[in-house]
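Okay, structure first, notes after.
Chain nomenclature is as follows: A, B, C, D, E, F, G and H, assigned in order of appearance, with residue numbering initiated at 1 for each chain independently.
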Amino acid sequence: GFAKLDHHRMLRSGFGEVVYCSGKSTEHLVKIFQSFNEKNINIMGTRASKEQYEAINALMPEAEYDEMSRIVKIMRNVPEQTGLIAVCTGGTSDIAVAEEAAQTAEFFGSRVMRVYDVGVAGIHRLLSKIEDINKANCIVAVAGMEGALPGVIAGMSHKPVIAVPTSIGYGANFNGLSSLLTMLNSCAEGIAVVNIDNGFGAGYMSTQINRLAVQ
Amino acid sequence: GFAKLDHHRMLRSGFGEVVYCSGKSTEHLVKIFQSFNEKNINIMGTRASKEQYEAINALMPEAEYDEMSRIVKIMRNVPEQTGLIAVCTGGTSDIAVAEEAAQTAEFFGSRVMRVYDVGVAGIHRLLSKIEDINKANCIVAVAGMEGALPGVIAGMSHKPVIAVPTSIGYGANFNGLSSLLTMLNSCAEGIAVVNIDNGFGAGYMSTQINRLAVQ
Amino acid sequence: GFAKLDHHRMLRSGFGEVVYCSGKSTEHLVKIFQSFNEKNINIMGTRASKEQYEAINALMPEAEYDEMSRIVKIMRNVPEQTGLIAVCTGGTSDIAVAEEAAQTAEFFGSRVMRVYDVGVAGIHRLLSKIEDINKANCIVAVAGMEGALPGVIAGMSHKPVIAVPTSIGYGANFNGLSSLLTMLNSCAEGIAVVNIDNGFGAGYMSTQINRLAVQ
Amino acid sequence: GFAKLDHHRMLRSGFGEVVYCSGKSTEHLVKIFQSFNEKNINIMGTRASKEQYEAINALMPEAEYDEMSRIVKIMRNVPEQTGLIAVCTGGTSDIAVAEEAAQTAEFFGSRVMRVYDVGVAGIHRLLSKIEDINKANCIVAVAGMEGALPGVIAGMSHKPVIAVPTSIGYGANFNGLSSLLTMLNSCAEGIAVVNIDNGFGAGYMSTQINRLAVQ
Amino acid sequence: GFAKLDHHRMLRSGFGEVVYCSGKSTEHLVKIFQSFNEKNINIMGTRASKEQYEAINALMPEAEYDEMSRIVKIMRNVPEQTGLIAVCTGGTSDIAVAEEAAQTAEFFGSRVMRVYDVGVAGIHRLLSKIEDINKANCIVAVAGMEGALPGVIAGMSHKPVIAVPTSIGYGANFNGLSSLLTMLNSCAEGIAVVNIDNGFGAGYMSTQINRLAVQ
Amino acid sequence: GFAKLDHHRMLRSGFGEVVYCSGKSTEHLVKIFQSFNEKNINIMGTRASKEQYEAINALMPEAEYDEMSRIVKIMRNVPEQTGLIAVCTGGTSDIAVAEEAAQTAEFFGSRVMRVYDVGVAGIHRLLSKIEDINKANCIVAVAGMEGALPGVIAGMSHKPVIAVPTSIGYGANFNGLSSLLTMLNSCAEGIAVVNIDNGFGAGYMSTQINRLAVQ
Amino acid sequence: GFAKLDHHRMLRSGFGEVVYCSGKSTEHLVKIFQSFNEKNINIMGTRASKEQYEAINALMPEAEYDEMSRIVKIMRNVPEQTGLIAVCTGGTSDIAVAEEAAQTAEFFGSRVMRVYDVGVAGIHRLLSKIEDINKANCIVAVAGMEGALPGVIAGMSHKPVIAVPTSIGYGANFNGLSSLLTMLNSCAEGIAVVNIDNGFGAGYMSTQINRLAVQ
Amino acid sequence: GFAKLDHHRMLRSGFGEVVYCSGKSTEHLVKIFQSFNEKNINIMGTRASKEQYEAINALMPEAEYDEMSRIVKIMRNVPEQTGLIAVCTGGTSDIAVAEEAAQTAEFFGSRVMRVYDVGVAGIHRLLSKIEDINKANCIVAVAGMEGALPGVIAGMSHKPVIAVPTSIGYGANFNGLSSLLTMLNSCAEGIAVVNIDNGFGAGYMSTQINRLAVQ
C-alpha cells in the first residue's frame, strides 16, 4: 500500500503533500503523483525536471509545470490565501529560488507579495518598496553574490526575516557560501537563515509564521 | 546628545534597549547604561564580562548580572510576559547560549519554557517533553557537537523552529561549524538557523514570531 | 602471473575477491574477472558502470549486475549467511550506498536486515524498528543531508554503529561534508565513521565485527 | 534527586558511569562524583584538569588521577578484564589520547595491550609487533601528523581497526584535520574513524566489539 | 649602516617611512626609529604595542601613540593635507582599523573625513551622510560581521571604494572571512578589497588615488 | 517602461550601459539590447555565450562579439580614450579575463596598454616592461596559479594596482582561491583585489581612478 | 618572431622544450610545435588531449602520443639516460600522473625505474622493492586517497623523496586535498611535495637532483 | 636501556641525532640529551623553549641555545662543512624558520649561505643576489604572507628549490595557508614544498641533495 508515502516531510494539515523530485526515478515519481491524485490530495513536486513533468503530464494532464521554479503540481482544490508574506530578491537570477518559496507558501494557503530585483547595489529601489514589505507578517529575502539584502531589510523592519542564500555568483562566492555567511553574520535583528537555494524551506517556515498571525 | 545611541541592536517598541558588550570599553559601556537608566528605559547588555558588570554596578546598584548567560540588565519596569516560547538544549553545556536566548525573549515580553539537556543521544528524554514543547508558538533549539536536536524537534512539531548552533565540542566540530552545517541541512520542515552561539538573535526572532501569535 | 591481482581490496578468507571498478579500463577489468572466474573464486566489483558490466557479461554470462548498488558479481558458490547486521538509511536516496554495504556484507557471509527510510525527521518510523535493529551484532547507519541518523541509533543501542555519510544533499551539504562532520561529532557512544559514500568499507568492517560475534 | 544524572551518555551495564569533565564547573562535577560514589558505582571522568581532580580528591580520597590521560576515577569494584584490545600509537605525543582509549576500555572490563611509538616513519618497529597486535579482537590505532598508522595496520590485519586522529602536529596539520582525512581515505579494509582526540569514543567502541567476541 | 632600512615597504616620496611593528623585537624597533629620527625623517609604526611605544618614547620623547589605532609616530614635519578621502565604518568596533587607514592617509598628506558607525543595519544613518561621502576622491569602507557596508556605499557613489574587512564578529564570521567574501562578491561597481584588518593598505592605496586627483 | 533596466551594473555617465549576460535568458537579453539600441545608447554585455550573441546579432547586425573576452557590444558612438591604464597578465591563459578588464575600461573611455604574459616565473620579461607600465595612472594585474604578479608589480610602482585573480590552475589552486589569497596577502603597498575572474570589476574601478587623474 | 615562445615552462639546457597544453587553442599549440620542430629541438607537451595530438600529428607525423600520461612529443634526438630516478605509485590509478613524471624525467635525460602499485595497504609489496628503490638518486612517490606512500618510503630511505599527491579518491579526499595534507605532514625526514597531480613538476625537480648526483 | 631512543627520526650517518622538543616533558628531554651526550654523539633539539634549554644546560653546560631558531645543541665534534646550500627569506620575520633550516643543514655537514630579507615586494634586492644564490647546489626559500619568493627564485635558477611557507602574516593568511598554496601552485619549474614553518624538513632535504652533489 501507500503507507510508505506517508513519510517524514509531508504536511498533514489539509493542504496537500510535497515531494522533492531531484534524484527520484521518473517511474517512482509518477507513482507518487498518481497515488495522491487518486485520493484527491493536492500534490506539489519541487526541483522537477521537464522530463519528470512530461512523464507525469502524460498520465495526469491536469499537472502544471513552472519552468522558472521547476515546480510541478496538481491542484485538486485551490486553498484560500490568507495573511501576507513578502518574497524579495536581490537580483533577477534569484527569482527561480524565490518562486520556489512563493509557490510553496501559496500551496499551503499563504498570500504572497513578490518584490523582485531590489538588491542593495541600487538601494533606492528597495527604499521605495519598504513600506509595502513591512505590511507582510513575514519576509522571505533571497539573495546571491554578497547576500546583503536580508540584513538590510531586517534593519528596516520589525517583522521576522527568513534569509535564503542562493548559489548565484562566481569565484569567491563558492557556490553560495559567501551569501550564506553574510546572512548568518548579519548585525540586524530578526533574521534566520535556511540552506543555500532552499526556497522550499523558506516558503514553508514563512507559512508557519503567517498562520500564527492569521489565527 | 545620545542620538548616537540609537544604534542597530536597539528595539524601539517600548521594551527597552539591548547592547552587545563584548569588545566595548568599560567606560563607554557605563555611559550607555547611564544614559538609558536616567531615562527610565530598561537596558540589557549581552556578552558582558564580570568586570564590565562590576563597573556598571558600582554606579547603578540596581544592575543585575547572570554569570551563566553573561547578561547584565537594569529593569526599570518588568514587562508582562505573554504567549509562549520553548527554549530547548541538547546538553548542559549549551545552557549558557540558551539562557541568552531565553532572557532576551523575556526582556521583550515573551513567556519562556525551558527544556534543557534533551539531546538526541538519549531521545526518550525529548520524547517525554515533546507535547509540552508543541504548546509554544515558536521553538528555539540550541545544540553543539553534532547539532541534531533542532531537526529532530522540527520533525515532531508544526511550530517554527529557530536553530542555534553552539561552539561546544572539539576536534572536527571546528568551533561550531559542524553543528551549523547540520542545522542548515536538516531535512525536517520548519527550521531556520542563526549564527553560532547567537542566543540573542534567536531570542529576538522568536519574540517577533510570538508577538504575531499573541496579537 | 596474477600475483599482481593480489591487491589491497581483496579478502583472502575463502569468500572471494572484491575489485573497485571506478576508473579501471574495461579491458583491464574484464581480465581481472576472467582470472578469478577461471579459478572458481567468487568475485564482486563495486562502483561498476553498466558498460563495464556489459563487457564482463558478454564473456561471462553468469555475471549479475545491480543498478542500484552498481555492484557486478559472479558467485561461484554462495556462502552461508550467519550472524546479523542491520543496515539502516535516513532517506530513500541513501539506498544506493546502503546496498553497497549490505551486498558487501552478504558477499562475505553475513546475514543482513535492511531498515530503510527511517530518518530522524520522522522519528516514529525509527522508534518502531529499534527493537529489531538491536538484535543485530553490528549496525550500519547510512545518511545524507544532516546525517543525524547514526547518532540517534547509537543513543538507543549498545551495539557498535558504523556510520556512513552520503553525498546526498545540496548547498551547505558540500557533497557530504556536513553529514560526515555530524557523525564524527556525535555525542552518542559506540559510533565510528567511514568515508563519504563508502558503503563497501562499512559492509566490510561490519562483517569483521559480525564474525567475532558468531565465532 | 539525582534522576538527572541518569542521562544520555551513561552505560547501564554494571561497569559504572563516565563523565566528560571539560567545561563542567568544579562544584557540579564534585556533586556528580559524590552521587555515584555514595551508591558504590564506579565513576570515571575524562578530560579532567588537575584542579578538578583535587576538588574531588579533597572529599573522596579514594579518587585516582592520571596526568597523562587526564582521567580521574573512583573504582569501587575492579571489573575482571576479558578479551583483548590492542591500543597502538604512531608517536610518543599521541600517548595521552591512547591512554584515554586504553583506560576507558579497561574501565568497562576489556583487557588492553599497549603498543606505543610504532609510527610508519620507522616501519620496522611496527612490523616486529604486528603478530602480537593481530591477537587482539579489535585494534585502536592513534596517530597525529600525517595519520598513516591505522591504514598500515589495517592492511596487515583482519581485525577491525578503530582509527583515532590526534591534534598533534603543526602547520598544514590544521589541528588534526590532516590526520582525520588520511584515516577516512585509507584504502585498507576494515577501518573506521572517531573524532580528533576522541580516545574515549575509541575505547568504548572497541569494548563493544571485544564483548561480542568474548561472549 | 642603515642601508638595510631602505627596504621594500618604504615610500620614497618625501613623506616619511612606515614600519610594521608586530613581531619585531623592541630593541630592533627602537633602532629603526632612531635611525630615521636622526635623519629628520617622519616615521610611523603600525600595530605597535604599548610596550613598544614606551621603549621608543623613553629615548625619543617626541614620539606619540594612539591606543585606538595602535600607531606610534614621530612627525618631524607635518605635511600639508590635500584632496579628500572618506573613511567610513559599519560599527564602533571597526574604528581601530579605520583609524589605521585614516592616520596612514594623513601621514602621507591626504585630508581625511571620518564617517563612523553607519552600518547597513540602520541604513538611514548612512543615507544622511552619503552626499558628504561622495565629495571625497576615494572612499575607504571598513566593516566586520557581514561586511555589507562597502557594497552599499559603492552602489550610491561613482568614486572608487577600497573595502576593508575586519575580524570583528564571532561564530560563522571565521575571523573576518565572512566580511572578506561579502566584499569580494559585491555586485556594486567600483570596489576592490584589501586583507582583513589591513587599514594600512587601504590608507596607502586611497592616498595613491587621492594624489592622482589632486595633481 | 524600462525603469526596470536601470539596474545595478549600469553606469549613468554618458558612456553607455553594461549587462551581465551569464544566466539571463536569450529572450530577456535581446530585449535589453533592443531597448538601449533604440535609444542610441552604447551597450556592452559581459560573459555572453556565442548563442546569446547570435540571437542579438540576428536582430541588431551592428552587434560585435569578441570570443576571447566573451563581450558582445553595440557601439553607437565611440568615446574618446583618455588617460592610461596598464592591463598586465601572468600567462596567456589569463588573457580572457584581462580582455574583459581592458575592453570594459575602453568602453568607458579609458586608453589601455596591454602587457601580457609577463609572469614572475620569467621575471626578465616583466623587468623590461616596467618603465612603460609605470606611465599608466592605474595598473590592472591579472594572474592565475600562484598569482604573484600584482604584488611584484606593486613593489616596482607607485601607481595603484588592481589585482585580479583568475581561476587558471589545477589541484591546490582550488579554482582561483590560491591566487586570491596570494594577492590579499601581498606585502607590497598599493594593491587591492577584486573577485576571481572579475575582469569587469577591475576595468570599471581602474576607469574611476583613471578619470580622477585626467580630470 | 618566436621570442614569445621562450616562456616559463621551458628548459634551456639542450634537452628541448616543454609546453603545458591544457587550455591552449589547438591552432596556437600546433604553431608552437612547428616552430621547435623546424629548429630540430625536441618538444614535449603535457596534459594534451587526443584532439590536440591529432592536429599536431596531421602536420608532424613524427609526433607520438601516450594516452596514459597524455604526453605528446617529437624527439628529434633521443638523449642518453644517466643516473637513476625511482618513480613509485600507491595504486594503479596513480600511474597516469607517475608516467607524466617518469616521461618528463626521461625527456631531460634521466634514467627511470618504475615501481608501481606498492601502496601501504599491502606493505609487503613495498618492502620487497625497497632495496631497489634505494639505488636511485631521487625518489618520486605518487599516491592518491590517503597518500601515505611517500612518508613510508622516506622512512626507509636516505634519498630525497619528491611526493606527488593525486586527485584519485572520493568523498573526504576532496580532489586530492587529503593526500596533499598527508604528505605535507609526514613525520619522516627527506620529503617535499609538489601540487596535486603535478607529475611534470616532480619529474623536473627529480631530474635537477639526479643531475647533481651524476655530474 | 636507551634502545627506545633509536627511533624513527634519527639519522644514522655519523652526524648526530635530532630531537623535536615541542610537547616533550623537560624531564624526558634531559634524559634524551644525557644519553647521547654520554656516548659522545652530537645532539640537536628543535623547537626548544628557553626553559627546556636551561634544564639541559644545568646538567650539560656545553649545551648552546639560539633564541632565534629555538635550537639547543651539544656539538661533541663539529663536522666539516661541504658543498653549498643557499637559505633565503622574504622578510626579517621569516628568519627564525630560516635559521632552523640553516642550522639543521650545518649540523649535518652542509655549508650554508644566508640571503635574508630579499622578498619580492622589493625585487631589486633579490636580483642583486641571484648570481650568488645560483652557486649553491640547492636553494631553501622561506617566505610568509603571500609566499611568492620561492617561485620567483625558481624562475631564475636551474637548481632545485625547497620552499618553506611560514605562518607570518594575518587575516587571509590563515596561519600560513596562503603562503603554502602560493608555493604549491608556483608556475616556475624546480620547486617542492615542505610544511608551514618546517625549517627542519627543508634543512634536512637540502642536505640530502647537497650530499649527492658533493659525493
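Assorted remarks:
Methods note: contacts are C-beta pairs under 8 Å (C-beta built on N, C-alpha and C of every residue); 3 or more make two chains touch, one makes a residue touch a chain.
Predicted model only: the values in this text are computed from it and were never measured.
Minimum number of contact steps separating chain B from chain D: 1. Interface matching across B-D, A-B or F-H places the copy of F-G, with more than half of contact pairs shared by residue number, at B-D. Per-chain CA centroids place chain B at a distance of 36 Å from chain E. Averaged C-alpha coordinates give centres for chain C and chain H that are 46 Å from one another. Separation between the centroids of chain C and chain D, computed from CA atoms only, is 27 Å.
Shared interface positions of chain F, i.e. residues touching 2 or more other chains, are given as 8-9, 91, 119, 121-122, 155, 171-173, 177, 180, 184-185, 187-189, 195-196. Annotation, chain-chain contacts: A-B, A-C, A-E, A-F, B-C, B-D, B-E, C-D, C-G, D-G, D-H, E-F, E-H, F-G, F-H, G-H (touch as defined at the top).
Chain H meets chain E in the complex at residues 92-93, 117, 119, 121-122, 125, 168, 170-173. Residues of chain D that touch chain C in their complex: 8-9, 11, 13, 137-138, 155, 158-160, 162-163, 180, 184-185, 187-196, 201-202, 204-205, 208-209, 212-213, 215.
Across the complex, chain A meets chain E through its residues 90-91, 119-123, 145-148, 151-152, 154-156, 169, 171-174, 177-179, 181-189. Chain B contributes residues 4, 6-9, 22-24, 28, 165, 167, 175-177, 180, 195-198 to its touches with chain E in the complex.
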